[in-house]
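Per-chain numbering from 1; labels A, B, C and D assigned in written order.
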Amino acid sequence: MYGSTFGELFRLTTFGESHGAGLGGVVDGCPAGIPLDESIIQKELDRRKPGQGGVASTTRKEPDQVRIQSGVFEGVTTGTPIGLFVENTNQRSHDYSTIKEIFRPGHGDFTYTGKYGVRDYRGGGRSSGRETVSRVAGGAIAQELLKQEGISVYAYTVELGGIPAEVIDYEGSTDREYFSPDPDAPAKWNEYVSQVKDEEDTLGGVVEVRATSVPIGLGEPVFGKFDARIAHALMSVGAVKAVEIGAGTEAARKRGSENNDPLTPEGFLSNNAGGILGGISSGQDVVARAYVKPIPSILQEQRTVTVDGQETFVMIGGRHDISAIPRINMVLKSMLALTIADLLLIDRRLGRTR
Amino acid sequence: MYGSTFGELFRLTTFGESHGAGLGGVVDGCPAGIPLDESIIQKELDRRKPGQGGVASTTRKEPDQVRIQSGVFEGVTTGTPIGLFVENTNQRSHDYSTIKEIFRPGHGDFTYTGKYGVRDYRGGGRSSGRETVSRVAGGAIAQELLKQEGISVYAYTVELGGIPAEVIDYEGSTDREYFSPDPDAPAKWNEYVSQVKDEEDTLGGVVEVRATSVPIGLGEPVFGKFDARIAHALMSVGAVKAVEIGAGTEAARKRGSENNDPLTPEGFLSNNAGGILGGISSGQDVVARAYVKPIPSILQEQRTVTVDGQETFVMIGGRHDISAIPRINMVLKSMLALTIADLLLIDRRLGRTR
Amino acid sequence: MYGSTFGELFRLTTFGESHGAGLGGVVDGCPAGIPLDESIIQKELDRRKPGQGGVASTTRKEPDQVRIQSGVFEGVTTGTPIGLFVENTNQRSHDYSTIKEIFRPGHGDFTYTGKYGVRDYRGGGRSSGRETVSRVAGGAIAQELLKQEGISVYAYTVELGGIPAEVIDYEGSTDREYFSPDPDAPAKWNEYVSQVKDEEDTLGGVVEVRATSVPIGLGEPVFGKFDARIAHALMSVGAVKAVEIGAGTEAARKRGSENNDPLTPEGFLSNNAGGILGGISSGQDVVARAYVKPIPSILQEQRTVTVDGQETFVMIGGRHDISAIPRINMVLKSMLALTIADLLLIDRRLGRTR
Amino acid sequence: MYGSTFGELFRLTTFGESHGAGLGGVVDGCPAGIPLDESIIQKELDRRKPGQGGVASTTRKEPDQVRIQSGVFEGVTTGTPIGLFVENTNQRSHDYSTIKEIFRPGHGDFTYTGKYGVRDYRGGGRSSGRETVSRVAGGAIAQELLKQEGISVYAYTVELGGIPAEVIDYEGSTDREYFSPDPDAPAKWNEYVSQVKDEEDTLGGVVEVRATSVPIGLGEPVFGKFDARIAHALMSVGAVKAVEIGAGTEAARKRGSENNDPLTPEGFLSNNAGGILGGISSGQDVVARAYVKPIPSILQEQRTVTVDGQETFVMIGGRHDISAIPRINMVLKSMLALTIADLLLIDRRLGRTR
């Protein structure tokens, strides 16, 4: 799993940079016989675009039309690898002279240069958030596999700029601004985001992901635990700085008598475990949260150094989102779907002889 | 990485149950020429044993003598796989009738049975914390590799039962009770632990891990990011319910102008990023925290079900630790060391042509 | 390595079918800083096309223009994944009714249907030889990496239709018909091929691959031996039915005193080992041979069954090559290059601490 | 698959040297619920020992008692990793001064030293044929999984020192000397082996492996083809220099009209394909052959160099087998079983949605 491939049986390999020819991916290991066409993937990509972002997202136009290049025949998957491609149509020939010679604070410019010696300085290249287009496209296919098993996945905003959602109606979140589980939160968030925008700053927040109707038995002890895979999956998304499962950070402050989830003939009485015990799914909802840092590109002058190590200051221009939320929600949902699709395939035979 | 192997080039494969013949592992991919003998590994295993645990750990005697079974010749590694084995000497022939027929709350009993159909009910089997003996043994070898590169790793307790350490002297933590970075914290923790013990309950806490002198360039974008690997590594340890990097959960409440780490010719001015930008190490200390849930085995009657789904109550007897901390610290440190050893080997050629 | 990805550190993932949108691939793990542009890859693809095939290849026009979609910036690789795509421009809207309902003998029709339930019946789909376009494109990049280390690879025809080459001038083979190492062989082969063509039949042959200037030390005992990887690599090419290393099948008929390669201060006196001892390269030329079966599509009526299991006869029309040689030579050379590129990256750190 | 792990879902990781503490392995990914105890594995190990070797094998006593260290509880596998260990009891404290300072021709001494810088010079260390003890132990477990699916595997000698078996009664081969499929061959082979032994030389030969009742659908195009995996598996065994599938090398000399296997409603009319079409099993017997080189340790003086590169001559003393056959047969059978076990697990979900 070094580099550009995610998963072991259901595998997504991605490529592409923000200002190159486009973004693409290969889904290998998808079983045959699953109905699939471009419109199914397109629908997910469209949700990643501005519109549901309240005032936090720019209105930059990115058509992001996906093209299936292989692996589907007469409307169903054939078991062969599914090639995906989304052309970059919006890369104007910017003047990159400002950022070519400096390292933007909070971005990967410094470390990419340190690692590779060369760097595609046009808008972040591979380290741009635009890389996640491939994840959403792959995640859309994973979700089609999950559907076959009756599993649904959600990603909804539970906190933005420190302001929490107070109701968790996750099923309703899909159509609300910010993918909000609380009908009243978007108004509050929009107000605060507008204020922060005026102050030329950016915001972080917290996204909860959830999978329902997950069968008992997913996850491979000891290093391939379900929760370890979720942590990997969500933390691999650029802006995420913390991941928690179930009660998460709060579990560290509880006592054993509070944190244990009692079992009854009707099921568990609580879900502090987040649907995972001993690294294996318990049949409860799988629940995790990703903590998202504020976008590092701000309309303020920042202290940094040139590629030659000289002190300088930089002001990053252009229109930028105020928060990675809610665009990142689609990405986090995709990563959860990819993780579960992979585990479904692995478990079916490793669990036991059936 | 499904199952019992961790890592891609520096790989630890483990086996063993709490009440079987013993715990073991195979380290494959360790370069040749590294000085190694059993005493080096034994020293790490000994630190996992009670003694540094304040009043939180039992005094159960586990000699845990490691035996190197291959891969070392005339005092150095040969590049061939290193077999490790620690015999279980302390498994008395308990009466397991109490737990054989029920699922213990907060343990993997329910999910292992659901997944595999059979379960080694003697003390948790593979899902027992005792499994981590193999991780510590493998981690000791990883640390020898890190030494060759000048890298050190630490794991120290920054919070126990909600009570924080107030000083972060991590270099001094190695010899203190609870691997405490604060000379004054162990006294407070011991007092609180004693009280909770009297109340027949257990506690969680927070462990910070740190690697110093990490070279720039470790980590493989986009799915093999350094932080994603750390999240995977730490979350794969049984009791961990959340992982954060650098500012972690707090980053979600900061603004961009606060969270960005300014660069200067003398280096970064802060380390909210936790030493990782764009998934690649920046040369700063790599800093992460693991949130550890309270031990689920408590001396109280708990509601649960039998393997046949009938309602019942269970009281788990025996002497148990009050907290997984500080034993788990050695395990978390090992996982960090294994992660870095692996990335060191991967990076050396993938970074660039040198 | 199940499915569509080859390699562990230098990894090629491919996709595409003979009659879909096109063929593509992703090379992940290529170090940064290697000069690369489309013309370098195109040159290899062009050699796969008819022209050097004597009378054995059809003259079907396949422009096969490759497009690099990512991973290259300002003329060099950036360390990020290299996306490749070759559009299918020649798929006329054939009438597939003949082969849609039957299984062609010697093809994968029967087994693909058995495995996947569905099948892209247009010209073989994923099981078509056209799939190898992606391998040649990826192999071209691998060869650029090998060049940095001074390694060259060759694939030349040593036997066609049972008629052997009698001279092994492999350096001269590159520009001869059939990639022949013998200046006189092409004339003999052309004559025999013409005769077999008139008889509406097809031919197999033997291709030798060779790598020169291979450093000592490539290969990872015990399962990742260099020779095991070559066997895997070459046998993964559709028409290959046997692979041998060095003396190969002949070694089984030699005595130990004949087969051992004596060492002298000036080097080995013979190369029965094919440049590999104990699974590790010895510094001699690495030499292997692939035995290629005759093309199964013949202009004769053949006995087979329909998809419903009914007896039938089929005559496969269209223009087909008489032999997979010499087109397959480019593919076999690519597989050797990919194998060595991967091992170069793996060895650099696993060998020893340097 | 670099190094010491074979397989992807059913995975064997091995360790150990000929003159270290012992040989061991970990089987990870074995489904739960399969009956297993030490006697099942021991039976396979015992067949690897001298006795069935005719006069070709030494009578060196190797008790080779296997111990299961984990993964089995109450007589069945639990789904957790199965630890295996066989102690070395026969390593007398030899005088290794003869071979410590020189490189034995035909052995891995030269390349191990070149790769790792250090070498366990006692009897070959990791490159000794004794390494295969772990493979046979792991293969025994794989065979128990195959049994559940009704699949049987065989490995029988079809040629020794150039003398072929003339009858292929593979089912009867199990109990004959040399695992001979021909009741009359062992007498001929014994006579020739005795003669070669007197001449202080060694012999190679050819082993055919076969799997019966293989379901349709195993193998993952395009790089994970069934035949490519078999080639990898068999060629990873030390002495093997060539691998062929079905008609193998002979296919290269046949015409298409001869080589195609006609299909009928009752099945295929021939099996030139060796049970694999397009990399996927067809339901016919899977048949492959491994060409085994003569044992390099001969009782003759051989030309070689010292570790310092000086010319010298070496006479390797001690009792050695005259041929790797038939001991190697058990190893080759194990590798086939491991390959099929892995593919069975992979296929069950990748094939199609069922």
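Just so we're on the same page, a residue touches a chain if its C-beta (ideal position, glycine included) is under 8 Å from a C-beta of that chain, and two chains touch if they have at least 3 such contacts.
Values in this document were obtained by computation on a predicted structure and should not be read as measured data.
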Going by the contact rule set out at the top, which chains touch both chain B and chain C?
A, D
Looking at C-alpha means, what's the farthest chain from chain C?
B
Where the CA atoms of chain C average out and where those of chain D average out, how many Å apart are those spots?
26
Provide the C-alpha centroid distance between chain A and chain C, rounded to the nearest whole angstrom.
38
Just the number, please: Cα centre separation of chain A and chain D in whole Å.
46
So which bits of chain A are touching at least two other chains?
2-5, 8-9, 14, 29, 32-33, 79-80, 115-118, 126, 221, 346, 350-352
Taking the complex as given, what residues does chain D use to touch chain B?
2-5, 9, 11, 13-17, 20-24, 26, 28-29, 32-33, 67-71, 73-74, 76, 78-83, 85, 115-120, 125-126
As the complex stands, chain D meets chain A at residues 8-9, 29, 31-34, 79-80, 145, 148, 221, 344-346, 348-353
Per the contact definition, I'd like the list of chain A residues that touch chain B in the complex.
1-6, 8, 14, 103, 105-112, 114-118, 126-127, 131, 159, 161-162, 196, 201-206, 216-217, 219-225, 227-236, 238, 241-249, 251-265, 269, 272-274, 276-283, 291-298, 300, 302-305, 309-311, 346-347, 350-352
